[in-house]
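You will see chain A twice below: alongside chain B first, and alongside chain C after that.
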Partner chain A sequence: MPLTINSSSQGNSARLKLTGEVDGTTAANFRTEVDRALTSAPAILVLDVEQLTFMSSAGLRVLIFAKQKQPSLTIYVLKPQPPIVDTLRKTGFYDGVYVTETEPETGTAKS
Partner chain B sequence: MKALTVPGDLDALEPIREYASEAGKNAGLADSAVYRLCLAVDEIATNVVMHGYQEAGLTGKLRISSAIDCGRLILELRDTGKSYDPTKHTIPTAETLSLPLEERDIGGLGILLARDGVDDLQYDAADDGNVHRFIVNLPNARVSEVEAQSAHLSDERRKLSILLSISRTLGKEIELDRLLVLIVAEVTSAMEAERSSLLLYDAQSGELVSKVAEGMSTREIRVQLGSGIAGATAKDRMTINIPEAYKDSRFNPSYDHASGFRTRSILSAPITGQNGALLGVVQVLNKINQDAFTTEDERFLEAICIHLGIALERAEMVAAYLQSQMFKQSLQLAREIQMGLIPKEFPAFPQIPQIDIFGAVEPAQDVGGDLYDFFLLDNNRICFIIGDVSDKGIPAALFMAMVRTAFRIAALASTESISVILRRLNDFLC
Partner chain C sequence: METRIDYYPTHERGGFRFRKGHVLPFGASLVGSGVNFSVYSSAAESCTLVLFRKHAPEPMVEIEFPRSFRIGGVYAMIVFDLDYEDLEYGYRFSGGHDPSRGLRFDNSKILSDPYARVIGGRDVWREEPDWNDIYQHRSRLVFDDFDWEGDFPLETPIQDLVFYEMHVRGFTAHGSSKVSAPGTYAGLREKIPYLKELGVNCVELLPIYEFDEWENNRRHPDTGELLLNYWGYSTVAFFAPKAGYAATGVLGMQVDELKTTIKELHRNGIEVVLDVVFNHTAEGDHRGPMISFRGIDNQAYYMLTPEGYYYNFSGCGNTLNCNHPVARNMVIDCLRYWAAEYHIDGFRFDLASILGRDQSGAPLSNPPLLESLAFDPVLSKCKLIAEAWDAGGLYQVGSFPAYGRWAEWNGKYRDSIRRFIKGDEGVVGEIATRLQGSPDLYWYRGPSASTNFVTCHDGFTLRDLVSYNEKHNQANGENNNDGGNDNNSWNCGWEGESTDPAVNELRTRQIKNAATILMLSQGVPMILMGDEIGRTQKGNNNAYCHDNEYSWMDWSLAETNSDLFRFFKHVIAFRRRHPALRRNRFFDHRDVRGVGAADITFHGIQPFAPDYSDGSRCLAFMLCGPNATEPDDDIYVAMNMYWGALPFKLPRPSSASPWRVAINTSMPSPQDIFDPGEGHNVDRDEIIVGPRSIVVLTANARSSEGEK
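After this line comes the complex of A and B, so read on.
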């Protein structure tokens, strides 16, 4: 299943809605969209992954690139499916991002 | 599942994940385990495409196949790119995994997920590339399969142990008749049958001759090759498995009628020697607690028959050897009898120096029946006798001894002519 990304922004928050799968093929697209979202240096990046069914380490690397590019960035991962939560936990990413089941209040960035 | 081969580029990842997903579901894995398996395969396939092919400037294919073995699902991913062993790669430590994301190394995560996603990740450098194996232990739903396999193994071990025991038991017995009784008892027990019988092949008559049949009279039964179940087994040198004896036209119920036994199932196998010559047929009757003998029973009885063939051939060789030893002893005894009777001391008549006589027997091959003798009938007559008994061994030697004694008695007791003495001797002998 290919990856579809819908991006939007609101105030200091950028939002990407991911539908499909992030793997070695589609991660490039994911990275492009993240880079584009970060051009305005938002404080918050919300990744709506409710419709994301697969994510390999290629997707995790995009998150590292994002944080390397903008260390102050706060990343919310919204409504991840259980296997993706599992991946985030195993790789230590669970502690580096905010995993949430509810829409984050944008503007309350954690330092 | 049929193996899947796709070009070794990034477009391969999705079909490979779909393959892994289907294999995992078919094997009964839970959804979460299927996902982890797909992730593991995806991570390695990505590495192969990126590093094994693209970075190395190579092109090639990816082939994925699946198998279930010993309660494990095994996916095998093959490629022909640059070699890379993920099992040698160091994976991130707990310490590095807890670093802030911006300080994290981008490497090693894929290997971590690949190794974490399966119970075992194996790598082999093949002649033409790399082989990765993703192994997942199947859940409880598949344990019965594993147990069945282990029960099968323990049954194999039991059979092997029985074979060794038969081999040992039969090896101790060299006397044929006792060996045959032992064979039948061992076969009945090993095959978990109610009875067994053994027929030996008589090459001279071309018949099978019953030697031992449990529960039967000792009356000898002779069976033509091709006749009945034993005859068919012998003729075709093929194992015959009959689940219901009374439904088989070859079955002869008269033995049941005579013995009161009720034959249900029959397994009949030929015993052959090392050169393939037919030695006999062994039949086992009525599998205990089961309706019929299985194909595994067939193979097991055939394995036992190899040992029976060896034991029978050995017993025959021993019997032949003993016979030859007995024959040699008989020749020796015959020689002693013969040599003990013929005059050997010379001069034969030292008191009569005028008579100068010498005799000797030099057997060419067979000993026993040749004779010469001489003795004085009176002061004026000497009697010579030369004879040849048409036999050999002890019987001939004894006959020779009798002829010699009878002739002496007849000759010494008579003053009649030699022709009368010979006629009288002839009347006595015949």
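After this line comes the complex of A and C, so read on.
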């Protein structure tokens, strides 16, 4: 299933809405979009993954890439499906992001 | 940033661009926009890099290393524009095939990289592999992007550790574990609160290097039960964590999952020691599979007979040539990698005596590998623990080449404590020595060189030790011929499970006796997974092949035997409260500080009159708190392994404080062990110690604290 990424930004917040699957073939697109979103050094990155059905290790590594490129970045993972949450927990990535079911207040940053 | 000039491709094949690579480091590493592949062979004539997409049945390209890409025996190449996430690689080596000269090259085989950091092919535990796959154990790349969040190895002084020997899968595979990912690193992480409550502060993990659980798999002739290589003492890849132990192994994320578990253990003050198997590999003897080493550099990696067969000092078909410079360097590189990249706190070396043999198998007086490890700068704070024997008859407990660094599994401690507990005659004198940390064996190293244990994975569980006189290994399908016969076990009057309350009460008491002696001995104690809740293997003392309830920890026992768990928890806490039990040097046997008693004194039923005669089955000792290396309470321990109760006259404490009961294994829970300040005072100069029981007393000898 292809991956569609819609990007937007508002204030100090960047937002990517992912639809489809992040797998070995589409992870590069995901990373490119994250890279692009970080060029303006936002304080917050919101990943709306409600319509994302699968995220491979390559996709999860993009989250690490974002955190390591900009350590002060707060990442919200919005409405992930249970298998994605499960993988985030087991690999420990869960602790490095905010998983949320509600739209984050993008005016706040992770303490 | 400009691309470095040495990262431009110079060659192209099948659409893949490449150039000469860097010989170091060995293995596959990310450089610029490429991957540097480096592999060594002393005797090959040529080498070909084989690249696959993940799980693909056929390679996407094969690139022979041009002659100019080889320096010495190292083949090195950078390949550009690879999809790191979707890559698997291996090698074909060409050269002579003359087994009598130790040459077994076969370029029809695709071989794993000896330095592979991740291995694919056994991603999900127990999922039957595709046996027609031309490349079974597939080397993959690793990404050094884990966020350790400031974690580092804990460097807890070894004498302060309480080891918990455990199998990653067996710890939570049982349905009663109630974890979200049974049998995995993530499952272990969920159970950290349990370990913390128990009070252990170091987990010693049975092998987690990539191994093949399907190695030598078979069905039990009678039952049809699938028997696997469950323990994993047969390494496929030394640098790669076992993928099948990761819930996320199917995503290739075992590295992240394991590191996350280690980070969380460290956060809870629990160290991680790995049981490492460098004595042999999964390639077996001349009839075994060609996975890696055999087809890359057979003579370098294996000890060979003059006829070109494999020496078998491991009992598993082959013997790693540990003191050949190439194998030696690989072992050192590997341990450095685990210490640095996984924050591992120490290593326990399986059949470590093999690491002290020369290339023809003869024991060395000054083995280069053991010396190198002892003085290695990266490993300088790691615990190094030897299983100081091998299957070739070398038994070096007490004489292992230690260089002041190596500790040992003390097999003599295990044997003598077992005999004492079961009531054998003629062991009291030895017990007095073992309780002191075995100064007869480790006089030049100190008591912390002695890893004390009564049970370990190899043999009976503690519950079975007091429930079976004989091994019952029929389920292994080897006609009960496997497993040791020198168990020093006693069934307490009935072989196997019993409904007799008296038998069961005695068994519970014997378990508490063992736990008490273990925790009150100088040296470093090790508990076997599940012993604290009475785990049984139904009398099987060699459950290496059972991925089932024989081996798994049944967590419902924590409820059934909650009194036992409570006892273990308290006796561990007792040890951790008392520095007098965790000395880093042997006793002086004199009153160093002039407080009225020597640091340790031995007693019998009369003070200062221990009975070391052959017929004796009791011994008492007193630790004088003020003469401990750190001020402590006085501790008096009376051990009666005789079948009747005995009166013990008490020595006087070093201060005016009275003796107070801390432990009495003859009593039911919760009177068997007390919290500090809860036990009653002893108002006489004599106590009665029940049949096959231990009583521990303390007296406050610290100015303002202690067991009040």
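Going forward, the second predicted complex is superposed on the first by the 111 of 111 C-alpha atoms of A that agree within 3 Å, B and C clash if a C-alpha of one lies under 4 Å from a C-alpha of the other, contacts with A are read in each partner's own complex, and residues count from 1 in each chain.
Everything that follows uses one rule, which is that a contact is a pair of C-beta atoms (placed from the backbone, for glycine too) under 8 Å apart; a residue touches a chain by one contact, two chains touch by 3 or more.
For clarity, every value in this text was computed on a predicted model and none was experimentally measured.
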Combined model on chain A where chain B meets chain C, clash or fit: clash
Partner chain(s) touched by A:M1 [first = chain B, second = chain C, both, neither]: first
Which of chain B and chain C A:L60 touches, first, second, both or neither: both
Which partner reaches more residues of chain A (counting touched residues only), chain B or chain C: B
Chain B versus chain C as contact partner of A:E21, first or second or both or neither: first
Chain B versus chain C as contact partner of A:P82, first or second or both or neither: first
Chain B clash site on chain C (candidates 115-123, 223-231 or 367-375): 115-123
Chain B and chain C contact sites that coincide on chain A, given as residue numbers: 24-25, 56-58, 60-61, 64-65, 67-68, 86-87, 90-93, 96
Residues of chain A touching chain C in the complex: 24-25, 27-28, 56-58, 60-61, 64-65, 67-68, 86-87, 89-93, 96
Chain B-touching residues of chain A, taken from the complex the two chains share: 1, 21, 23-25, 54, 56-58, 60-61, 63-65, 67-68, 71, 82-83, 86-87, 90-93, 95-97
Sites on chain C touched by chain A in the complex: 54, 83, 85-86, 143, 145-147, 180-181, 184, 186, 246-248, 251-253, 256-257, 259-260, 263-264
Residues of chain B touching chain A in the complex: 10-11, 13-14, 17, 32, 35-36, 38-39, 42-43, 46, 49-50, 92, 96-102, 104, 106, 109-110, 112-113, 116
